[in-house]
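Take this structure first; my questions come after.
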Amino acid sequence: MKVGFIGLGHMGSGIAANILNAGHELVVWNRSPDPAKALAEKGAHIAGAPEEALQGAILFSMLANDDAVREVGLDGALLTHAKPGLTHVNLATISIDFASRLAKLHAERRLGYVAAPVFGRPDVAAAGKLLVIVAGSHTNIAKVRPLLECIGRRVEVAGEAPEQANLFKIAGNFMLAAALESMGEAFALVRKGGIDAHVFQDVLSNSLFACPVYQGYGGAIVNAKFEPAGFSVKLGMKDVRLALDAARDLSVPLPLASLVHDHFIEATVAGLADKDWSSLGGFLASKAGL
Amino acid sequence: MKVGFIGLGHMGSGIAANILNAGHELVVWNRSPDPAKALAEKGAHIAGAPEEALQGAILFSMLANDDAVREVGLDGALLTHAKPGLTHVNLATISIDFASRLAKLHAERRLGYVAAPVFGRPDVAAAGKLLVIVAGSHTNIAKVRPLLECIGRRVEVAGEAPEQANLFKIAGNFMLAAALESMGEAFALVRKGGIDAHVFQDVLSNSLFACPVYQGYGGAIVNAKFEPAGFSVKLGMKDVRLALDAARDLSVPLPLASLVHDHFIEATVAGLADKDWSSLGGFLASKAGL
Amino acid sequence: MKVGFIGLGHMGSGIAANILNAGHELVVWNRSPDPAKALAEKGAHIAGAPEEALQGAILFSMLANDDAVREVGLDGALLTHAKPGLTHVNLATISIDFASRLAKLHAERRLGYVAAPVFGRPDVAAAGKLLVIVAGSHTNIAKVRPLLECIGRRVEVAGEAPEQANLFKIAGNFMLAAALESMGEAFALVRKGGIDAHVFQDVLSNSLFACPVYQGYGGAIVNAKFEPAGFSVKLGMKDVRLALDAARDLSVPLPLASLVHDHFIEATVAGLADKDWSSLGGFLASKAGL
Amino acid sequence: MKVGFIGLGHMGSGIAANILNAGHELVVWNRSPDPAKALAEKGAHIAGAPEEALQGAILFSMLANDDAVREVGLDGALLTHAKPGLTHVNLATISIDFASRLAKLHAERRLGYVAAPVFGRPDVAAAGKLLVIVAGSHTNIAKVRPLLECIGRRVEVAGEAPEQANLFKIAGNFMLAAALESMGEAFALVRKGGIDAHVFQDVLSNSLFACPVYQGYGGAIVNAKFEPAGFSVKLGMKDVRLALDAARDLSVPLPLASLVHDHFIEATVAGLADKDWSSLGGFLASKAGL
C-alpha cells in the first residue's frame, strides 16, 4: 500500500521504519532533511514537498502539537492537495478541541480522519511495540488497522469520535504525571525519616505497584537519573495542559492535574524543562530540603 | 514459642491464626470476646486479662490506632506486667511520633519493641501472605523474624528505629490513596468525553499500570463496587492524616496528601465514611456531574 | 469629540452614557438593537454597521471576551475601515496573549491601541465611578485620558504595553476570587463550630478586613444572597482562566488560582453558573455539609 | 480588683501593663524573670511561684500554645491551688480540642473559664487597642468584660462555649494567611508581566482592598520587608495547623488552608521560619523565579 508520512522526529522515525519494514511503499516528508535520508536508505521515497505525502491511500503524521499541525497546513491548505479517499492517521497528542476540528475539516473534504496517539518512548516505537489508541469511524479504523498493527503490539479502540483517542492518551499521560508526583512526595517523606528510598521503591514496585510506571520512573527518581530525557518536563507539562484544557471543555474538576501543572511550572523555573519529566520527583525532594 | 496476641479484628484474627497454625502456643486477648473464641477452637488460650498476653517471649498487638494502644495500656500500665525480656511486635499503623515514644517506653522497661505494620487486606492476612515491613534493633528483628515469616510472604526491613516501619507503611498507603485520586480524576475525565471507562481502565491496568493497585481498585471504581469495604474511607483518611502528621514532624510538603485528605473529608460529609476507600473514585465522578 | 462605541451590555451602556453626558458626539453599535435605542434617546447616533463607529477620533469597545472581539472583526477586517489616526480603547477583560496581538495588529495599520479594563459592577459603571486601569503608549494614553476620566473616579497607568492593563485587571480579579474562597472556607469552619457566621463576618469586615470586597461579598455569602448576579460564576471562571493562561505564558505557579478554578468548575456542575460568583462561598459551605 | 497574669511575652507584657494602668492590683509570673521586673517597676507584684497568680478574682494567661499551657500546669496541678471562684481568662490561640478540655477541667473544679484570644500585634497590645474575641458563659464574660475593655478597643462575643473564641481566632488568622497567599501569587504574576508591583498593590489596597491586611502586609511584600517579625512564619504555620486540626474535628474541607500550610513548610525548609509571615509573599515570588 502507498503510505505517506509527515513528521520524522524520534517517535516518527521509528514508526515510519516499521511501516516500511512491513513492505509498504513509503513517501516521507520532514522539515529538516536528515531523518528522511536515513529512511531513504531503507527504501523510502523522500517527498519534495509535503503534498506528495498525501498521494497514497493513507497519510500518517506525527507532529509535536497543535501548532505544528497547523504550520504544515494539515488543518487546511495541505488537505486540498490530498488524493481523493485519503485517510489521515494523526499519531500526535493534540488537544481534543483541535482534534475535533480536524475531524470536521477532513470530513468536509471527504477525507478520512483517524486519531491514533501512542504510548511508549522512542525505543519502544523503534521496536514496533507501542500501545496504540485509535478512534474514528469503523470504516476508517478498519482501513488503517493493519498498518497500526505494524507499529504497535496492541491497538485499542477508544471510540468513534477521533478526539476520544486523544482524550484517552491525555488522561493516561495525566495518570503517569500523577504517579511521578505521588512517588516524589512519598520518597521525600521516607528519606527525611531516615529510610533508604531505594529500599522503599524496590519493595513497593515489586508488590502493590509492580508495574512499568513505578518500576521505571521510580528507579529513575531514587537514582536521580533524569538524563537523557525520554520525555521532557516541557512535553510533560504540555500534556498536563491538554488534560486541563480538556477538563475545561468537559467541566471536570482535575485538582491533581492542576497541582502537577503548577509543579511543572516551578520545575521549569528551576531550570528542569529539558530534563526527563521524572525529574519532578527530584524537584519535590528539593522542596523538602533534600 | 509462647506468644501473646492483643487485638483480634479482621486483620488480627487472620494473623493470629497463622501464628497458631505454625505451631506456637498462643494466648489471645480481645476487648469483645467472640473473635477469641474462634481462635480458642483452633487451640489458642483465651487470656482473662490483657496482662496474661504479656507472659510469653513475644507479644503481638494489632490495634486500630494510637488511642486504642493507649486505652489498653501498652504505653504504660500494661507494660509493668510484662515478662522480663518480652519483645512487643506492634503490627498497627500508628503515628511515627507515638511509635517513637513507644520504643522509648519499652526500652526504659528493658522490653524489646519492634514495629511491623503490614500491607494487605483481611483475606491476604488470613492467607498468611502479607507484606510485612519491620523496623527495630537487629537483635529484636532476628528474634521475631521467624514469626513474621509465618504471617507474610515477604518481610522487609525499613530501618533500626521502629517508627521507620510506620513511616514506610504510611508513605505506602499515601501512594495508594494518590492512585485512587489519580484514577478517580482520569476516569471522570474520559467518561465525560464519552469514552467507556471500563476500556480505559482495562487498557491501562494491563499495560503501563499492570499492577494490583490499578487492577483491583481500578476495577472497583469503574464498576462502582465499594462494598463490602476491605479498607474504609474512615481508615484511609486516618492513614492520610498520619502521613500529613509525619510531614509536619519532618518538614516535608505533601500537597497531594493534603488534596486527598480534603477529598476524604468531603466524601465523609457525603456519607461515604464506611464505604471502601476506593469510593473516592466514585465521589470524584460525582463532582464532575456523573 | 467624535467617539464610537461598540458593545452595549450592562457595563458598556453605563460607560457610553457617561461619555455622552460629558458632551461628546457618540456613535454606538451593538449586535442587538435595544441598548442602542436607549442611548439614542439621550442623543447618541446609532451606527448602521460597526464600521461607522470607527469614523471618529476614538473608538471604545466593551465586548465579552476574546471571541467576541474576533467576531466583530476588531482583530482584522473591521480595522481596515477605520478613520486614519483612530485610537481604539479596549475596555474588555481579555487574555494577555490576545491583547498583545491586538496591539500589534493596530500598530501595523497605524492605529492607536489602548487597553483600559475596569473594576466595578454595572451600577458603578452607570455612576461613572469605575476604577480604570490603562496601558499603552504615553501619546495614546494622553489622548484618551480625558474620556477615561468621564467614566471612572480614578485612572491608573499599568504600563506601556497594552496587555499590562489586562494582566493588572486579571490579577486583581484573581485576588477577588481568592477572597471568596477564603471567606467561603472560613465561614464554613466557624459555622460548623456553632459560631454565627454573621457575627464572624461583621467583626472581621469591620476590622482587619474593613474593605469593600470583604464587606460586600462577605455579606452576600453569610446571607446566601447570590441573585441577581452582579458578576456571574461563569464570568468569574473565565477571568480565573485568564489568570491561569497568563501564568502559563509567564511561567508563574498559581496554585490558589488553580484551586479556585477547580471549585468554579464544580460549582458550574452543581448548577451555579449564572449565580453571582460569591455563590462560591455557598458552594463551599455545602461541601462541609451545611 | 486583684488580678493574676501568667505569660509575659511580647503580647502578654503589653496587655498586663494595660490592666495595671487601669488601676488593678496585678500579680505577675513569667518563666524568665526580666519581663516581670519591668512590670514591677510600674507597680506589679512578682509572684514567687505560678500559684500565687491564682489567688485573685481573675487570672489571665497568655502562653504560646497548648504545650506551654500544659507545662505550667493550667490543665491540672496548678488549678488545685486556685482561690475558690477564680475565673481564668485564657488569651492564647490554642487548639479548639484543648480549649474544650480546659473548659471542662475548670468546671470540674468550679472555676470559671473564658477564652479571649486577641487580634493585633505587640504594638497594638501595648496601646490597649486589641480586638478581643471572647467566649464563655454569660456570667463569666460579664465578670471579666471590664478588664477586657482595658486591653482592647473592641470586645466581641463568639459564643458560650470557650473553644468558639479560639475557633473564631483561628479562622480569622487563616483568612490572614490566605490573603498573604493571594497577594504573593498575584504580585508574582504582575511582576513577571513587567508591571510595577508597588503600583498594583497601591491601587488595589486603596480601592477594593482598602483595609489594614492588604495595606500593611501588601506593603511589606512589595518592599520585601520581612524583619523584624511581628508574627513569624513559625507562628503562622502553627495557627494554620490549628485551623486544619479544627477542620478535621469538624469535618470541613479547607483546601486553601492545606495549600498555605504546605507553602509554610516549604518556606521553613527555605530558612524563613523566623521571618515575618508576610515573607510567604517573597517566597512565592522566588518560586516564579523572581
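Order of writing sets the labels: A, B, C and D. Residues in every chain begin at 1.
The working rule: a residue touches a chain if its C-beta (ideal position, glycine included) is under 8 Å from a C-beta of that chain, and two chains touch if they have at least 3 such contacts.
Predicted model, so just to flag it, every value in this text is computed and none were measured.
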Partner chains shared by chain A and chain B (touch criterion as defined above): C, D
Chain pair, A-C or A-D, that carries the greater number of C-beta contacts: A-C
Farthest chain relative to chain C (centres taken as mean CA coordinates): B
Rounded Å distance between chain A and chain C, as computed from the means of their C-alpha atoms: 38
Intercentroid distance (Cα basis), chain D paired with chain A, Å: 53
Numbers and ranges of chain C residues touching at least 2 other chains: 247, 251-255, 259, 266, 269, 287-289
Contacting residues of chain C [partner chain D, same complex]: 96, 119, 131, 133, 154, 156-159, 161, 163-164, 167-168, 170-172, 174-176, 178-179, 181-183, 185-186, 188-190, 192-196, 199-200, 203-204, 207-214, 243, 246-247, 250-257, 259, 284, 287-289
List of chain D residues in touch with chain A within their complex: 255, 266, 269, 287-289
Contacting residues of chain D [partner chain B, same complex]: 241, 247-248, 251-255, 258-259, 261-263, 265-266, 268-269
